[in-house]
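Look for subunit A in each of the two complexes below; its partner is subunit B in the first and subunit C in the second.
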Partner chain A sequence: MTQTDLIVSVSPHIRQTVTTEAIMWTVVASLMPPLILSVHIFGFQTLIITLVSVAACVATEAISQRLLGRPIRIRDGSAVITGLLLAYVIPPGAPFWMPITGAIMSIFVTKILMGGLGFNIFNPALIGRAFLVATYPVAMTTAWLIPIRDAAIFTHMGRNVDAISAATPLYVLKHEGMAALIDKFGPLKTIYRDFFIGLQPGCIGETSALLILMGGIYLIYKHYITWHIPVSVIASIALLTWIFGGDALFTGNPVLAILSGGVMLGAFFMATDYVTSPIQKNGKLIFGFGIGALTVLIRLKGGYPEGICYAILLMNPLTPTLDQWLKPKRFSEGAK
Partner chain B sequence: MAKTITQEFTKGLWAEIPPFRLVLGLCPILAVTKTVENGIGMGIAVTFVLLCSNVLVSALRKIIPSKVRIACFIIVIATFVTVVELMMQAYTYPLFLKLGIFIPLIVVNCIPLGRAEAFAYKNGMMASAADGLGLGIGYGLSLTALASLREVLGSGTFLGKAVFGDSFMPFTFMVEAPGAFVCLGLMLCVMNVLGKK
Partner chain C sequence: MVIKKKYPTFPKGGVHPTAFKDYTANLPVENLPHPHRVCLFLKQHVGAACRVSIPKRKDREPDEALLLGRNPGRIYQKLVTKKDRVRAGDMIGTQDRGLGATLHASICGFVQGVADGLHPMMGKSPAIVITHDPEETPAQYTREDWYSLPRQTLLDRIRLAGIVGLGGAGFPAHAKLDVSPEITLDTLILNGAECEPYLTCDHRIMVENAHEVVEGAKIILRILGIQDCFIGIEANKPEAIESLQKVIDDQSDKNRFRISIKSLAVKYPQGSADQIIQSVTGRVRPSGKRSSSIGVMVQNVYTAKTIYDAVVLNKPFYERVITVSGKGIARPANILVPIGAHLSDIVTWLGGATPDLAKIVVGGPMMGYAVSSLDVPITKTTSGILFLTHDEINTEAHGPCIRCGFCLDACPMGLEPNQVGIWVEAGRGAETAPFGLMDDCFECGSCAFVCPAKRPLVQFIRLARIQIREAEKKKEKQK
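Entry: the complex of A and B
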């Protein structure tokens, strides 16, 4: 035994080699497949929107940290993720400069002013989206594109969005009903298959359940996120839609509910944000169920066809309360 | 009294400018600053009320019993608010309609009451008049500044006239309630940074 083995040091004694940077860049990598699909089905301008969004987020972070005299930490990749997620919840037909204002709201107001990474109360990308919906309601709710199946990626470039816009499945379902949905997107079996693969009108990165699941399951496999939040979000949306979503009780369509809109992206990549979600496992389950319940409530009773963005934003500020409330008892703490 | 009348007046314009330094009167500043016109109108109304109530409270300060002073202040302020309300109803009816409930609500605004309690009740009439005028103008300027920011960005206009070309897409967010909170927060932040130097 050598001398160095006997040196006593303060805890922690076992250190992980995993760093914030490693986690963040893995998340970035797992977010790539939906972008590739999006370029394939919606065309090249989705890549431009995404690049503008990422660049704007990174630039905002660098400039604001510089102005505030804080260390510039753009290399940790968190701004890149925010940029990607912000672009993923913008409709593919939106003007390419639109994410810039959203990025300033996301990074500067939501994150930097609250104290930087780790201190933000709300998910930055979703605040960016909520800001964009409030600011450019027309572009954010109508600039949908019909997916192209024959890989003509330049089809939508420079074209007027009004001429080619398509309603999202959730919009059709909310305002025109199931019959119109089948009329527009084919029989249910085709709908399930297409929507699962990602061939549906929707925001840039949210259409494909398959690709988001792949990325999400990889993150769970790497232990970067746990299954609790995604599973409880998706399960509660499916269950509550099945119970309340139809004309009578227990006649809603749960499969359609989780394959359309931003459920998958929200459940795996937005609700699981470390900073704005609870630490305890039971806290995560409550958090996920709250998101699911609010999503279904907004979808069925609210003014918007999709509600997961606001559902997550509404649950975010409950995170500290849930953490405090469900803090595990140490030893016999609190025993009578 | 170390401060001169001029100092009592100028402190309201910067050192104790109500919404930013004293952080008082936030409800109207959030609610009526959608357009510059509203901001200026509200500023003038508050300045008038503040000036008159300060002078009257100061004049009556020896008579008002200290146990019921708050009630007396409220009556004085309410009197002048009613004057403003009736005047606006008579001469600037469209503005009166736009400001709506926020004109009568000046009664419960913290600034006139706060100045009556903290200043006019303890100081002479000239000093109180200067104090009221200064703070009122400071409040009006802050309202106008915030309203300018919100109207230019949120509607692309200033006093109703378009300031940008047709291609400008207004930030609708700015004229909505959350925009008011964000703008006010950012302005407070800028004022604090400027105040530190």
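Entry: the complex of A and C
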């Protein structure tokens, strides 16, 4: 036996098998069902947009890490998640090249310049989206497609977006009211069912509460995320919409509020981003409630029909403060 | 459906590493043939290193060898000198003032002098080297009834036997047991959790020496002047629980001592003092205070067994059972070795290491020390040697902290290992004192075990401790 090749390191010498890569790629996998649905109901261009977005994010990460002389860490999958999430918050009728500028903003400015994985203050994908809304406002707010239950690939492919664009339910609700919504999307019962499954105009990956819920619950089951942020976001949006969302107090429609727009995607996949959300459980609850409150405020009083993107971005910088305030309970604090 | 029985445990943190105890749990303890050379460190315990000489004083007869009832004629100014012939159990190092423990020859042979040995934790450390004399006469020990002995004699025997806490830290047992009269204790906890994966030496002691463990517990109870003892054992050791329960049921003095077994949930670090106190009694030690402040003393089950040997048999602590395990050793075993035996002797006896051996760990896989050489001797606190192959250890390079918070959930003390790591990497380890690592962290490794980025958090914490101490020294100098 040779003694020269023995490894020496500080304890512990055994490690759990879960790795950063495993977590990231599991998140990627749990984000797949909404993509499949979007191809089914909006057509192949959603897949192209998503692929462009992911490729742009990974390329931006690799190039910027190379240029800054840092180790290239694209294999950890975090850029892939950003790419997916960025594509998921883009309307399906948008031009396919649009995510590229968003990706540069997301990865280079928001993440790499802040210090790379683990050090960014804002959610990269949402900064990318906010940037796209500012630079391509028309495409980002009007390029909606009507979901087609089958053969969307053939119906939507290659057609002029303007000809088939539709308004999102939140837009209709905000500017035309409940009657118009029922007029356009059918009776409430049908709306609930369709929206839950994902048959509604909206961004590529945000239409289906069911599929996002499945992915989110899988992540909770794997202990990769906890229930605190999704539940507090969804509960506070439902509660506040119910109280303030109607013509009189306590007449708003909480179910519609959480099934439409980006609430589900935001609550399960955006707000739970490890890096930009508080690490403590009580901090997570405060963070989630803040997102919910800001979302409802923007939806009801602001200029945009949807507000969760900005709500998360506004709560992100509070994360370090919440972590500073809320410390874990020390062992000895349990002493009687 | 199997309904899982809920065992008591500590509520905060903890991890569940795979136990890997099957390699050795059912192997009876075997004896290592005496090695040709042993190397006994002068410091194998908390406190001052042993002295190799007794100051010759007219006013006081050095009574230590006499008290042990062995070799009454062999009292030197120096306990031993070069070329002295010693027998196993002869005292070769003493503790005369302050905290410390005595040291005994572990084999019969000739003293070669004091030399630096490779200590598994402290680098090089002075040690007495003894070479084996094949014409050895095995030591004979006779049983003695301890009931009639006064408390001070019990303590003296423990002190002169050189017993230290075998849970890992190595605090001299007599000093721990000699509690000052102001402190009132009510409960003794014998720690048989053995929560470290792979290790089974305490398990074997509980199975094979249940009587000695229980008697040892009674001696401790007698010294402390209390009656209640709980033996805390993780529920994955039914054999140990059964054999101890049998001894407890057969006792004749049930009224004098109330000893009972507590099966505890299998969760690391169940065997840590704070955690086992909370699991067994529900009490929590306040930060910066000793466990005696909440009326509890914790002793390892193996310590209780050695106390029995010292008191009843008058046998000093010079050999111990260790677990040799892992996929990297040809034949895993529980083995009785003289203290000071080298890893190389043990490896040779067990048929050598396998070709894919990657790491040798002295102690358990969670808190043990990796060594770079087989020329390392066993110390009093060595509980096992692990020969680990590449697929048992993790050598992945660590990445940046992704703030997943797994380490916060795993930390049994409620600390923030993630923060310490980030601050140390930023070169500001001296400012990490507010995270509580100086008082509360006992380096159990739970944080690093769960970290998905494979960050060496224990290493960061040790660095931070060094930097905090250095900063404090600097401050004092400036004053």
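The criterion applied here is as follows: the second predicted complex is superposed on the first by the 313 of 336 C-alpha atoms of A that agree within 3 Å, B and C clash if a C-alpha of one lies under 4 Å from a C-alpha of the other, contacts with A are read in each partner's own complex, and residues count from 1 in each chain.
By definition in this document, a contact is a pair of C-beta atoms (placed from the backbone, for glycine too) under 8 Å apart; a residue touches a chain by one contact, two chains touch by 3 or more.
All values derive from a computational prediction rather than experimental measurement.
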Next item on the list: In the overlay, answer first, second, both or neither for which of subunit B and subunit C A:Q280 touches.
Entry: second
Check: Touching A:K189 in the superposition: subunit B (first), subunit C (second), both, neither?
Finding: neither
Next item on the list: Would you check which partner chain A:K301 touches, where first means subunit B only, second means subunit C only, and both and neither mean what they say?
Entry: neither
Notebook entry, point to check: Thinking of the overlay built on chain A, is A:V109 touched by subunit B (first), by subunit C (second), by both, or by neither?
Noted result: first
Note to self: Show me the residue ranges of subunit B that touch subunit A in the complex, using the header's touch definition.
What the structure shows: 169, 171-174, 176, 178-179, 182, 185-186, 189
Check: Inside the complex, what are the residues of subunit C that reach subunit A?
Finding: 11-12, 15, 17, 197, 274, 278, 283-288, 294, 352-353, 355, 357-361, 363, 365-374, 386, 388, 392-396, 399-406, 408, 411-416, 418, 436, 440, 443, 445, 448-454, 456, 458-459, 462
Checklist line | subunit A residues within the subunit B interface of the complex | finding: 101, 109, 113, 131, 134-137
Checklist line | List of subunit A residues in touch with subunit C within their complex | finding: 1, 3, 5-16, 18-20, 22-23, 73, 76, 78, 116-119, 224, 274-275, 279-280, 327-336
